[in-house]
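Here is the structure we will look at.
Chain nomenclature is as follows: A, B, C and D, assigned in order of appearance, with residue numbering initiated at 1 for each chain independently.
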Amino acid sequence: MIKAAILGGSGYTGLEIMRLLAGHPEAEVIEFSSRKYTGQPVSSIFPSMAGHEYDSLVFKNPADLADTEADVVFLCLPHGAAMDIVPHFIERKKRVIDLSADYRLRDVAVYEEWYKEHSTKNLLADAVYGLPELHRDRIKDALIVANPGCYPTSAILGLSPIVEGGLVDPNSVIIDAKSGISGAGREASLKTAFCENYGGFEAYNVGLHRHTPEIEQELTLLAGKDVKVTFNSHLLPVSRGILSSIYADLTEPRTTAQIIETYKEFYAGEPFIRIMPEGTYPNISNLRCSNFCDIGLWVDEARGRLIVISAIDNLMKGASGAAVQNMNIQFELEETLGLTGLPAQLG
Amino acid sequence: MIKAAILGGSGYTGLEIMRLLAGHPEAEVIEFSSRKYTGQPVSSIFPSMAGHEYDSLVFKNPADLADTEADVVFLCLPHGAAMDIVPHFIERKKRVIDLSADYRLRDVAVYEEWYKEHSTKNLLADAVYGLPELHRDRIKDALIVANPGCYPTSAILGLSPIVEGGLVDPNSVIIDAKSGISGAGREASLKTAFCENYGGFEAYNVGLHRHTPEIEQELTLLAGKDVKVTFNSHLLPVSRGILSSIYADLTEPRTTAQIIETYKEFYAGEPFIRIMPEGTYPNISNLRCSNFCDIGLWVDEARGRLIVISAIDNLMKGASGAAVQNMNIQFELEETLGLTGLPAQLG
Amino acid sequence: MIKAAILGGSGYTGLEIMRLLAGHPEAEVIEFSSRKYTGQPVSSIFPSMAGHEYDSLVFKNPADLADTEADVVFLCLPHGAAMDIVPHFIERKKRVIDLSADYRLRDVAVYEEWYKEHSTKNLLADAVYGLPELHRDRIKDALIVANPGCYPTSAILGLSPIVEGGLVDPNSVIIDAKSGISGAGREASLKTAFCENYGGFEAYNVGLHRHTPEIEQELTLLAGKDVKVTFNSHLLPVSRGILSSIYADLTEPRTTAQIIETYKEFYAGEPFIRIMPEGTYPNISNLRCSNFCDIGLWVDEARGRLIVISAIDNLMKGASGAAVQNMNIQFELEETLGLTGLPAQLG
Amino acid sequence: MIKAAILGGSGYTGLEIMRLLAGHPEAEVIEFSSRKYTGQPVSSIFPSMAGHEYDSLVFKNPADLADTEADVVFLCLPHGAAMDIVPHFIERKKRVIDLSADYRLRDVAVYEEWYKEHSTKNLLADAVYGLPELHRDRIKDALIVANPGCYPTSAILGLSPIVEGGLVDPNSVIIDAKSGISGAGREASLKTAFCENYGGFEAYNVGLHRHTPEIEQELTLLAGKDVKVTFNSHLLPVSRGILSSIYADLTEPRTTAQIIETYKEFYAGEPFIRIMPEGTYPNISNLRCSNFCDIGLWVDEARGRLIVISAIDNLMKGASGAAVQNMNIQFELEETLGLTGLPAQLG
């Protein structure tokens, strides 16, 4: 049985990892931390977990996890906090799966431009961008798994087959992304208040979202040349789900059927990617609480443009589900373990 | 492996049984019917199931299930439709779990007053009201399991310990119940249209809800005397969840702590009942997609009145989860099999 | 033109008063305060008001309103803050409409039991409980209008005709109330966060809600004897609206039609009370953004019990709409001025 | 007093026109029709209107409006139904404001490609596309006002200043639009059912939406050359509101401030267009129930691309509000009459 610790367990991604490992046959959570809730049982914060054996555990002070007996440490900390603590766990031979942005950007200058000064730059080379569909082989032995951002996951999975194949001009790419509000985390804030969002819809961080360089990094790797995309994010008045509508100019004419075939080949054997039949498109409902990424495709032949609709659950394939998938890879388990539950279509 | 067939598989309860059996280690769905969708694969109606092995099955015409090889038949048909078909399956030695109201009321006159003429009255005596917490022993060998209504489940579980114990005057009972809209089924209707319900809240069928006699039947059995309750239902602008706020006059003074103790004793060992700590109350979010019934309690000592808050997921403990629990009992499996997933606290 | 000032203008009730007075032919807002947003234009906080002439005003420091030229001051401050500032405005001959609880309870001991020590007890006798349907005559000349609480408004309007008439036993009254989340105010808080409420529903402050004494005070006056009720509140996952389901034992048998007649007589001529036809019940959608109180009625003859469904918009008849109605009364204007807009049925 | 009749009054646009004219000082509804609800009072279908004088009217059979005394007829009928009835009213010298698509497309071939055969092609030349910001002068005397589609309104208003000015390449335009569900009308349908949409989000009619030619027609006029755009629509889980995120390549470098200035000049004096300050973007909440169109702008200088966020209330500026604005123009009233209510920021 793999033993897991969660640092920053009191946010939504921490809760989701607990939910997943509670149903995982080969892994279990042995402790979790929360500065804010130190000493409190999990069900006093997350009543959904009442009655579960994890409820006999209490939130610990992060410092008390320094000598954890866990085999793997999930870091659900704010951007900028993980990088200070990662060396400690690497020295102790823990597997580290970091859900923050701290090790996602290979180029430290880019990180520091969008975030802050990096305290452990030297470790960046040891981190692997944790998107199994692109980097499965390297994830297995990575010292640090840099779990991808939620928006980038939907965008990169939606674009990889055609950017790698050169089927579109990558610099024509426009990503219009919409996310449920859990993507903003579990903090008291007027921005995420119920009444400020119910019945509403807005664009935010227009042109300035920190997920842009992450998308560009991976697409640049796939394209083999510098890629700049337009990325725009919106706040959807639901709890979970990301849907990205992506537009790109085709380099030469192709039919929708041909493009669908390209995607099916690229993702052959991938357990969590579902390419939808022609004429149908994803709905975030249809993958709620699951690790699926659903992709729908349409070629606008008259305009020479491809539309890709790519959807995930931001807390699952966009965060905690991906983290568990990465853990499975690192420990050489069946990759879908603990992730086989069907979507809860009704929210 | 237990083989299951679902008649009326294209509604929300049918979908939910599929979702549950897809994760059940000892049972599987081998076929399902839908008059409306005959011949179509499940994922064309429920895209959430795309990629699952069940998607290789198609909806059959109900008549084509007459010679099913299933061991158990789940009837997800409208009230009044199940009673005509049940004898057929009983003769063929199938286990029958009926999610309609057709066999819930022992007194045929009451059934016919609230519903319609009963075509197979003679079978009523062979049916067991499928609430394991009250009738577990008789469910095991029942020819027909009459799966309880969603509102009655929340109300009866909320009241059993104190009605049986005579701690409250059962005729003082007022049940103010609120249900998510999936309780109204999956039919095109202006009543259940998005725009008619979003941001809204209303009482409906005031004083006339057909779940009233079902509640009274079970409370009468528990009380050992005739019970009449006031039951009132409301439509909550969410998909899933029922929360019943129940008021009853205490027969003699008791504290909240004493009442909580009574509930804990009554439900000792029950895997799906969670009695909440004093001062905390259920939220339908905290049991979403799970088979739990959460109960919170408070004694208004000044007024000699007890408040019970009882909550379930109407599609789970209120329908499909209970159906799977009953199947487990009938086939002498661990009762929680396929039902251990933690709630999806974020909807 | 009546000149109005709003203290605490950055909450939802302040915003709603601005919206109403923007459409009022005889009154206008000349200034508003917000400690938090001092110096900022209104549309930087409430973008809905962009382009309106009020947007040329900025939030002032509360202290800067000390010498306001306003004729009427709306106090949208937290409970306990209004009472310190009211004497100042009374001395300056301002009309004072206080939306907090500070002057609602005639018995200072009751106030201090539920809230805190009262700093200006001597003024309690000069305050009138601002429910025009009960106290219209006294509101006109009141030094202080104590604008009623939102829950109490729905409960008292729902009960007045039968409690005054002695048609029900007032001590049998149970009020099961449900409110949209704007009732909790406009503060950053995890309790009112989107993800903590979307798709959820819960009871809160069970048996301990501070609106209980306010309801009992008014019903006691109407009944002419001491009344104790059971009041229970729930958080509805919508922004606006309160619906109270009220249960009471009839003192002698009556039909639904008779009860409806009683209500129609009691509320004859009232512009904002709508008694619904037999067999129909309120939906908070149907009065959204309006000052209406809709009341539906049903007698359960078999159980000798009356069910009253009473609904309002908590920000309108439950707060700001009532405040404007009270202002109209005080300044001897047509009582419906600025309040004639039809409900926005679609939220 | 202008007398208005509404054909097809039982849908959401008909209801919204009633709501607006109820508050209009110079116009009133004298009758409305509904085949489905003939003979029923308006409040039995729309309880929000209970108590209003319009409630004394009943839905008439459409045929009974043939000899209406109305001065203006609002046609809220399905596409394809208006064109058969329009000649009748024109002959009788009624002003006709048609909310369907029947007279929006000047090129009958385009209409017939996207809709059906046109029965009164000869009248197309007499119709004016009812977007006052572009065609105010011609609306005044138009025999038929073809009230614009909801999506096209948001898109065309969002693009006009830069397409007319040649600041962007119109063929690079991508419109990613999201609409609340009331845009699908008031019909019983599984597609618009609550449970099928709550918590969900999807793209639909990808690349095939019938609003595309309408947008292209107007942009072609503005550009003075043939324009083809990519238009993509999504279903937002709210009742009201459209937000279009629009992307276009700049023909030469400009700053955000310059672009904002261009929009302000183009829309100078327009009462319903609000150009937002740099760095802020529209939220559909901020214009709910109002006739505003809010536009936010951002230039991605590195990529030479402009992002326009354009938002309206689909039932107001996108349908009924625009219809009333057009009526005001036709009858030479103040254009904002009946449309001055501030947005209901809280839904």
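Note that a residue touches a chain if its C-beta (ideal position, glycine included) is under 8 Å from a C-beta of that chain, and two chains touch if they have at least 3 such contacts.
Quick caveat: nothing in here was measured; it's all calculated off a predicted structure.
A.B. asks: To get from chain B to chain D along touching chains, fewest steps?
C.D. replies: 1
A.B. asks: Which of the two pairs, A-D or A-C, is linked by more C-beta contacts?
C.D. replies: A-D
A.B. asks: Distance between chain C and chain D based on Cα centroids, please, to the nearest Å.
C.D. replies: 36
A.B. asks: Nearest whole angstrom, what separates the Cα centre of chain A from the Cα centre of chain D?
C.D. replies: Whole-Å distance between the two chain centres: 38.
A.B. asks: Indicate the whole-number Å distance between the mean C-alpha point of chain A and the mean C-alpha point of chain C.
C.D. replies: From the centre of chain A to the centre of chain C is 45 Å.
A.B. asks: Residues touching two or more other chains, restricted to chain C: which are they?
C.D. replies: Correct list: 12, 182, 195-196, 198-199, 237-240, 282-283, 285, 288, 346-347.
A.B. asks: Could you please specify the touching residues of chain D with respect to chain A in the complex?
C.D. replies: 171, 174, 176, 178, 195-196, 198-204, 206-207, 228, 230, 232, 234, 236-241, 243, 245, 247, 281-285, 288, 296, 298, 300, 302-303, 305, 307, 309, 346-347
A.B. asks: Going by the contact rule set out above, which residues of chain C touch chain D in the complex?
C.D. replies: Of all residues in chain C, those touching chain D are 12, 15, 18-19, 22-23, 46-52, 182, 198-199, 239-240, 274, 276, 280, 282-283, 285-290, 292, 294, 315, 340-347.
A.B. asks: If we count contacts the way the header does, which residues on chain A are in touch with chain C in the complex?
C.D. replies: Per the touch definition, chain A meets chain C at residues 12, 181-182, 186-190, 192-199, 237-239, 347.
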